[in-house]
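One chain, chain A, appears in both complexes that follow, with chain B as partner in the first and chain C in the second.
Up next, the complex of A and B:
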């Protein structure tokens, strides 16, 4: 028998999509039965009470959680989100319900052995409920009590060789797309650099010293599967600067209808026979493709590597060989001054171990932001406040037309004294010799 | 329930302490076929919804079955995932950015049994545990935030509306009939932990009432200067009040017209709650994207200013989303994303096709970027 009636939540058990309510109930039952005889370190009925408090929120249309204050593990300023229930008498099992962020492996590949270990740990010391994964990328262990935090951290680090992720005003857990592990379009090894930078910047990740949060995300190509361009303070988007490789035989096979367009992604509807002119050439944003004697031609200098043609004909077109990434900076969600997309800072940079050049850019950005950024000011907002020029100056990057969509609309150029011949200090008396008062 | 020590000694926290080791290294977890062919993949094909093959220059193939699921997941469920991966995939699996699970096998023969196994598993309540889909020109899993299951500032739930929406869009999770991929995201307050501002369709929780002020307790529960500083629009100022019993207290006053309902004050000061059953609800945004394909990445635009929190199934929200998806499916050209379609036909036409009302709330009036969204041409459609 369930501890709390949940008539509203019960209505979310039907329908085809996997029901989190059914899953919570299954966990509640499993804890109640406790077939393995586990000495649960937090209340056995934590899942029942979680269902109960959620049902109450469904009824009230309001959350029943309070801000958790500062809880954490010794020496770290992040990785734990404190949470308390505002009805602890009704739901004692979730009176404390803190979350731990566990830094996921790059690429989110797992062995079952690893996942089972995490499950065992979380069964014993937490609610048994997780998020796989949080939207930043971490494995989220959802709900435990304060005394368990250090125990979990100790076991994670000692037994599982595994650290916590970031939260607060620090480097947040970096994340990446599947990349070269299983994608033919990856222009660099997203997992390798994601892991390398995560390990290199552990101090920045665990000990808040920044004005606000800071995110890295790694997309292997401009398709941006991890949405780096929209949500990372520095997004690394794979690109190339030589020619798209063309296999004319495969082009002919697409034209002849032997190969499905876009890797078969449109199979759910009859879109008619594939029309290379209409579906590829005419949709190319730079109009840099044409057919010549049945062969597909690309004026690669004009191509902006939007990925469309490659996406449509993956067997005929392949990314170039001179690969690297573009670095865009300052993306953020709307709070506060409106949403910002990443702005192109480094058009092209090689992504090769030990990534020294990239780290130089990162560190110069951090130096600037930590010096000038106000409390709770994201990099994008600082850039807006002080101008893109300032960022170029601080990162020692030369302005190029690639930095702008179009040149400025006003001539109000703030010339600096050292940019104007002779400087600003002039002798008015000398002037007056030729110009009467 | 006896306390079991992990070995940690609270009296000497630094003893034996291990820190800053970072995550486990990714290549410990690669399936052998991935390890062997990394960086050598030639092309891929979607064999059917949810099933992909990637072909390597070595001739190797990897078959992936993608399944959806709730990101809120119990250890029992994860153990079941492990059991499947052990049976079919030599103990390997991966998760995608959008909370799907991918099971990979290295030959076509292993595909059918895996698919059958996944498709056959259901929860007691009747829903699928591992629905196969989420590829190509369809709807994939919804990326979302915590909502009422864990956060203190949500204006709506996350798991509930996501479940309700995916039930309504389920056919498009398992079919690829749309003009292009359609990404749905949810964030339960305007902090947008989930960064929903670039999604084809975004579901956003939004409060509509300024914080209540628990004057009697405010100074005791909160650092007043921190609460004031937390407000992004400078709507909060210090104020003195007299309680009915005559005691004079320090508290704050909120300039209500300036409040953007962000809840930052409540984060700093629990005596300023703003959740409300009728005030809170959902904003629908549409037309965003992150890919650079054909057109530049775009922000989502607000297309519905408010829908009520009608738990447990949010019918107003799911109806609205369904209408947008159907109008898009019917009107857009092959490869066109929702935002590209809306821009081609014009937003005035978008509202007509999706049968959505336009109200003054949808005209931007927030700071500088607002101006750039007004129409500055005589070109428009009647």
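Up next, the complex of A and C:
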């Protein structure tokens, strides 16, 4: 018999999808049984009370969580998100229900032993409820009490060699795609730079001094498996400068049906024979591909590295060899000014240790944003308010054609006097030699 | 600016503002009249020495004098 009646939540379970309500009930039952004989350090019925307070919120149409809190671990301004229930008498199990963010390893590689250890620690000192992984990328441990925070932090850092992630006005836990570990399209080692910058910018990760959150995300190629272009203040998207490598024999094999297109995905249905014209050439967004005497041709000057043709015919087409990444800035989710995609700032940069050139760009952006950004203003909003030209100036980057999103959008370019040869003053007498009054 | 001077300025500056108990990092940098990245070192030390404490909504971080403000009360588990 459940501790609280939850008819509204029970109804959610009737849908066709996996249900978090069922998951919470399962965890509640497992804690109540306690087959492993765990000495729970927070209330055993935390999951029941969580279901109870959620049911009450549904009934009232308003939240019963307070806003924010002072909790944290010593010396860190992020990684713990304080949450307190405003009905602690009714739901004592969730009177405190703090979230801890655990900095996931680059590429999210775990051993089963590591995962078991984290879960055991969380069963003992937390609610047992996890979120693998949050949108930022971290392992999210949901629900513990204030006295447990330091204990958990000590165990994580001393026993499991594991740090907390970022929250609040910090650098958020950097995250990356699986990259060269498994993917032949990775144009740089996403895991290496993700780890390097995480270590380099520990202070920014743990001690909040930014106007608001700031995210790095690393995608090895424009397929953008971590969607960096849509949700990172700085997105690092792998790309290449030379030509797509073409294996004409393999092209013929795709055309002849010997190789399945798209690596055999979408195979659940018969789509008819592969049509290279319809499925590749006509879908190239820059229209830079054509067939010539049965050979596939690409005008690489026009190709924007969208990845479409490579995704469809991975055995025939491969990324180029002169590899690096593009840096885009200012993407963010809808809060305040509406959603924004990243704007291209650095069209191509080599991604090589110790990444000095990249760090220079990052730090010049931070200097600018920390000085000029309003409280709670994301980089993307500051760029919109002050203009891309200002960002170029502050980062010392010269305007190049790739910065133009589309021609004729805004024909006005303002030159400063020191950018114009000879300044704005002219010699009238010299002018009059050539032009009559 | 040395640490003691910065601390005095911050404590005086924050005590003066009766209506608020939590402040953005930029407010502190302004009190010190320093560039943010220079101010950060001093302010970090004030947190370490428990002159200041962090407050976080989860998405935004604020700073306050240790123990100031209603929330601290609510959280002393009384």
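Note that the second predicted complex is superposed on the first by the 395 of 437 C-alpha atoms of A that agree within 3 Å, B and C clash if a C-alpha of one lies under 4 Å from a C-alpha of the other, contacts with A are read in each partner's own complex, and residues count from 1 in each chain.
Rule of thumb we're sticking to: contacts are C-beta pairs under 8 Å (C-beta built on N, C-alpha and C of every residue); 3 or more make two chains touch, one makes a residue touch a chain.
These numbers were taken from a predicted model, which means no experiment stands behind them.
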Touched partner set for A:213, first chain B, second chain C, both or neither: second
Which superposed partner A:75 touches (first chain B, second chain C, both, neither): both
When both partners are placed on the shared chain, which of chain B and chain C touches more of chain A: B
Contacts of A:67 with chain B and chain C, given as first, second, both or neither: both
First, second, both or neither for A:400, with chain B first and chain C second: neither
Contacts of A:167 with chain B and chain C, given as first, second, both or neither: second
Chain B versus chain C as contact partner of A:18, first or second or both or neither: first
Which superposed partner A:2 touches (first chain B, second chain C, both, neither): neither
Touched partner set for A:371, first chain B, second chain C, both or neither: second
Touching both chain C and chain B, counted on chain A across the two superposed complexes: 66-68, 75, 81, 99, 203, 375
Chain C residues within the chain A interface of the complex: 24-26, 35-37, 39-40, 43-44, 47-48, 53-61, 71-72, 74-75, 77
Touching residues on chain A, where the partner in the complex is chain C: 66-72, 75, 77-78, 80-82, 84, 99, 146, 167-170, 203, 207-213, 366-367, 370-371, 375-376
